[in-house]
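Below is one structure, written out as structure tokens; comments come after it.
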Amino acid sequence: MNSFGRIFRVHIFGESHGPCVGVTIDGCPPGLPLEETDFTPDLERRKAGAKGTTPRKEDDIPHVKSGIFNGHATGAPITILFDNNNTRSGDYEKQRATPRPGHADFVAHHKYGGFEDYRGGGHFSARLTTGIVAAGVIAKKLLAQATITAVIAEVAGEPDQERGLQRAIDAKDTVGGIIECRATGLPIGLGEPFWDSAESLLAHAMMAIPAVRGIEFGTGFAAARMFGSEHNDAILDAEGHTRTNHAGGIVGGITNGNELVFRIAIKPTSSTPKEQQTLNWETGQVEPFSVKGRHDLCVALRAPVIVEAMTAIVLADLLMLEAANRSANNPHLAPPR
Amino acid sequence: MNSFGRIFRVHIFGESHGPCVGVTIDGCPPGLPLEETDFTPDLERRKAGAKGTTPRKEDDIPHVKSGIFNGHATGAPITILFDNNNTRSGDYEKQRATPRPGHADFVAHHKYGGFEDYRGGGHFSARLTTGIVAAGVIAKKLLAQATITAVIAEVAGEPDQERGLQRAIDAKDTVGGIIECRATGLPIGLGEPFWDSAESLLAHAMMAIPAVRGIEFGTGFAAARMFGSEHNDAILDAEGHTRTNHAGGIVGGITNGNELVFRIAIKPTSSTPKEQQTLNWETGQVEPFSVKGRHDLCVALRAPVIVEAMTAIVLADLLMLEAANRSANNPHLAPPR
Amino acid sequence: MNSFGRIFRVHIFGESHGPCVGVTIDGCPPGLPLEETDFTPDLERRKAGAKGTTPRKEDDIPHVKSGIFNGHATGAPITILFDNNNTRSGDYEKQRATPRPGHADFVAHHKYGGFEDYRGGGHFSARLTTGIVAAGVIAKKLLAQATITAVIAEVAGEPDQERGLQRAIDAKDTVGGIIECRATGLPIGLGEPFWDSAESLLAHAMMAIPAVRGIEFGTGFAAARMFGSEHNDAILDAEGHTRTNHAGGIVGGITNGNELVFRIAIKPTSSTPKEQQTLNWETGQVEPFSVKGRHDLCVALRAPVIVEAMTAIVLADLLMLEAANRSANNPHLAPPR
Amino acid sequence: MNSFGRIFRVHIFGESHGPCVGVTIDGCPPGLPLEETDFTPDLERRKAGAKGTTPRKEDDIPHVKSGIFNGHATGAPITILFDNNNTRSGDYEKQRATPRPGHADFVAHHKYGGFEDYRGGGHFSARLTTGIVAAGVIAKKLLAQATITAVIAEVAGEPDQERGLQRAIDAKDTVGGIIECRATGLPIGLGEPFWDSAESLLAHAMMAIPAVRGIEFGTGFAAARMFGSEHNDAILDAEGHTRTNHAGGIVGGITNGNELVFRIAIKPTSSTPKEQQTLNWETGQVEPFSVKGRHDLCVALRAPVIVEAMTAIVLADLLMLEAANRSANNPHLAPPR
């Protein structure tokens, strides 16, 4: 499903080489100040251009089609389109018989019976994350008291980004990385028991980002090797401050007011400059294969702003839901006529 | 939200020390053979009793209240209750002023304004997973061609389960573990692009299991340190067999027909026999704290069957959705009268 | 789907002749005062016993299994069961080959492939509305400022209920009726544009009540024969009072603060004492048919409390949603730590 | 919520005087033949131009932005935009202080705190139904065996459309009407028990169409005045043919294979040429009021194609759901590798 959220709902659409990609945000509260220029900083962070990123550059100018009026959200759905200008579909036509290793080509062909738009990964392209970033800008505004920051913690196993990238350049190959996201200023109480736990929704959203292979909260996988007495965070005061933060700010699926911390693993870009092997559907043979098209050496480089956006989308939805939970039996909600 | 799934939908309810816990499964196709005894083997696997598990033992007899008739699912919602017989609520009454570190006590108190059932963790208790296991039994039946197997890969950092548990016993503390889940026999094509990717839904479900702190698919976090040419799985034939399986059976969010593989990290049981510290709400002081109640030394020991159940629930829902996707434009669906 | 609502969600289950029927209410805000005796008055209104109602009488004692603790809702799902004691399944076994006209027997048999619980209508029985009435009691409590009242406006075309019923008794047949529902004290602003308009959700809920065949808001079908200048309700003041109320309290899908008014049509009870004709599946012949079992002469008599419950369920959900809409960009929601 | 459907999901967006209105259809099965010209006939039926319709004419050319490739649906979301070219917003700026009777102006102002796009009704405009008609074209294609036909049954109380319209012209006022919709070729079994009954979903969808005030199925409100023995439709054969069709093709919430029949009531256009009265927010006085802008004398004239579209959207979703219900326990779904 190309939709996410219960109250603050985000819908994405578009293909890599179609006329555009886009997003509809439904459920944004009316009155939120919002202009097209608000989207620029985060969209710039997502864009290619830096070392290690694809030579395909798109302007990513947000075309707001609905839901914003006189500088504010109206309460109606906000639809934003981003034109695809810089496409070279010919690259993909030639390679249609050879599903690219690590890409969705093979599964998409099976699932959609050959009707999928295969050009540049079609609907599976990371270009779809442009709309996510735009939705994230709105969600961040709704989380006025919170600060969400995602950074690259590792490239190719190196904490130093430049060094990690150099490993890719030296090896004429692609590399992966680790993104760490932290959020402060969150209220106690976001998240629902069991399936709508804060971890469940954050993991759901993060695993939807192309190339993400894992997620861990707080101490994460290392927690599996700790003693309970080590891992437990002692509660220090009535605001819920804890001595340590092994839990990463979520206990019982609910934010506890401490810093939210999680990490995600991003695989190396599947489109490597190295020669690979894959099946040729026409010949039925496994053949040597070289990637065409323009690609990132390390997709993790462009991911932090997407991770922040997804985090904000999840938290804004939970914040709105919590407002519902807290206010529903408030007699002032239904004033007498 | 205490519900999960789009077509095959699971709803849970109940508290640790209330009259029962239970589950409603809505959307099970009619005609599936189903009897109360079908639930026994998986319920037995979840139960306490083995070394390292809690002395609180419950019979966990499934009381089917609806949806099964003459040995088959009827197509109506299936509701199953499990009585809580072996409760000692007094243990919890005494400790209400001291929120247990690592437990939901503190956040639940904030979120629910003190109205939560705090006895034994109330609705946050792992006892709620009894209903999940029952739903998993039904989901597994729907996945007739698939085999789902979760095992304990590590206890306290030890691949040998006995040795890991001995570390807990020796240290008079609790320990965590790693569960690995594998599924074979899955068709190509389960999962939807982006937010309903197979990884997103599986991660969503797994992070809902109490004590889970992370999940990784295929090579997982290690993928972040590989080159693209190493990580990519070469496609070998038209059935989608790959030379390696670093992807863990999911590419582009969609099952590729290879073995599904993922691992989850489970933190050490929060209720450790070791003395800890926590806030006393009444005194406002941080005080020494010892756990009352009966607990598992390592909750990971009882988790595999829950992980299998959640996996089956996700896959059954995706399988039913895929049936809808494939059949809707089938002219034979709407036969002429 | 046996579920309804986005935030205040109601799930029902059970069969007419199974061990029980029941309901789970998920999303009830914590702290709402709630005891088993709160359910009694509305459950009594739904019960049989009055002239024209079925001789099958059930105690309808609510067995609360979860979500209520110390006299308040906890915020966890509330599950309530109602035992089925007074069943005579033998009546139905005998008639299995002859699908009852006007009942779901024929369609259920096709849809569920013969696996449906056919006894007493199974899951299609109006007995399922017991859980709806219980959910309605909770929803009414959430609508503290509102008053919802449904009454029988017509039985067998007669505004006088007794006279209408006498027509049925005289004709040895069953009759239908009209229910009118009014709600006052609603705030302006409940309902969302388009699909979640207040009318859409109310119509959705009402058409789910067995035997309902139509719904109209305000002037309803008569509006189709009025001029625009007649039908429009002139707005008189800033609180939205209107000179007339042809709109029935909803404009543009949103409550306008005036009295909510709608009417529903209820068909005559399908189980009439009159001899009818129907197919015999075994013989393939159309045969004379006489109803077994115990039935209401006019199901409309027991419907008002169900209509009120459904109305309350819809409005409570919209009220909670509106709390989310209004509060999300409130900076006080996320207080700094 | 501006979304509808569980599997075949339709999302709408846009405002009357914004750059465009649009629709995203998510869940359309891949391979459905689909071209921009397929939308033309139904879009033409919705357009203004005939006697009694607004002089505002829009080209309504569908701009497909995603989800269609090489003449077929790809399985990815289909987004279609319709430009707004022929807007005269100045008409609305002048009248902002006087909420138009019968329109959403007043409630929208309250609900959205004055941030709503008020020009031409903004997001509440019937112009939003353009996207519905486009979604309906796709849904109709999915219902290959079914024929859905909606007609104007009455204008201003007259079965003769011309005469009804003349009444409006003579009175210099606006008039309402009745639309009747029939569908043949539907399979037995569409619809779910209780809340997702076919009537519930159809009523939900129909009440979302602007100006609809009521809906009735089969004999509808007249059923409330019939005897049970009259109203019951005798079942004649194993295909479910009935002697009469008072039920309108739905029993127990599920299609029974007979013709689906329902009627909806449409109120007279709120924007009447007659002088009316309304509040002036600036003066606080009730003042005479004359409508500016261009409007239909009878909105019912343009409604049949919208009713057909909504019907098709509901039935396509139920058809896909039924495919899931029927196929999930089919062992052939999950072929062994």
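By written order: A, B, C and D. Residues from 1 in each chain.
Basically, a contact is a pair of C-beta atoms (placed from the backbone, for glycine too) under 8 Å apart; a residue touches a chain by one contact, two chains touch by 3 or more.
These numbers come from a predicted model, not from an experiment.
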At minimum, the number of touching-chain hops separating subunit A from subunit D is 1
Need the most distant chain from subunit D, centre defined as the mean of C-alpha atoms. B
Quick one: subunit A and subunit C, Cα centre-to-centre, how many Å? 42
Whole-Å distance, subunit C centre to subunit D centre, using C-alpha means? 25
Between the Cα centroids of subunit B and subunit C the separation in whole angstrom comes to 35
What are the residue numbers in subunit A that touch two or more other chains? 1-3, 6, 12, 27, 30-31, 75-76, 111, 123, 193, 322, 325
Show which residues of subunit B lie in contact with subunit A when the two form their complex. 1-4, 6, 12, 99, 101-104, 106-108, 110-111, 123-124, 128, 154, 156-157, 168, 171, 173-178, 188-189, 192-197, 199-208, 210, 212-221, 223-238, 240, 242-243, 247-248, 251-256, 265-272, 274, 276-279, 281, 284, 286, 300, 322, 325
Subunit C - residues contacting subunit B, complex: 1-3, 9, 11-15, 18-22, 24, 26-27, 30-31, 65-67, 69-70, 72-79, 81, 111-113, 115-117, 122-123
If you look only at subunit D, which of its residues touch subunit B in the complex? 6-8, 27, 29-32, 75-76, 141-146, 184-187, 193, 239, 241, 257, 316, 319-331, 333-337
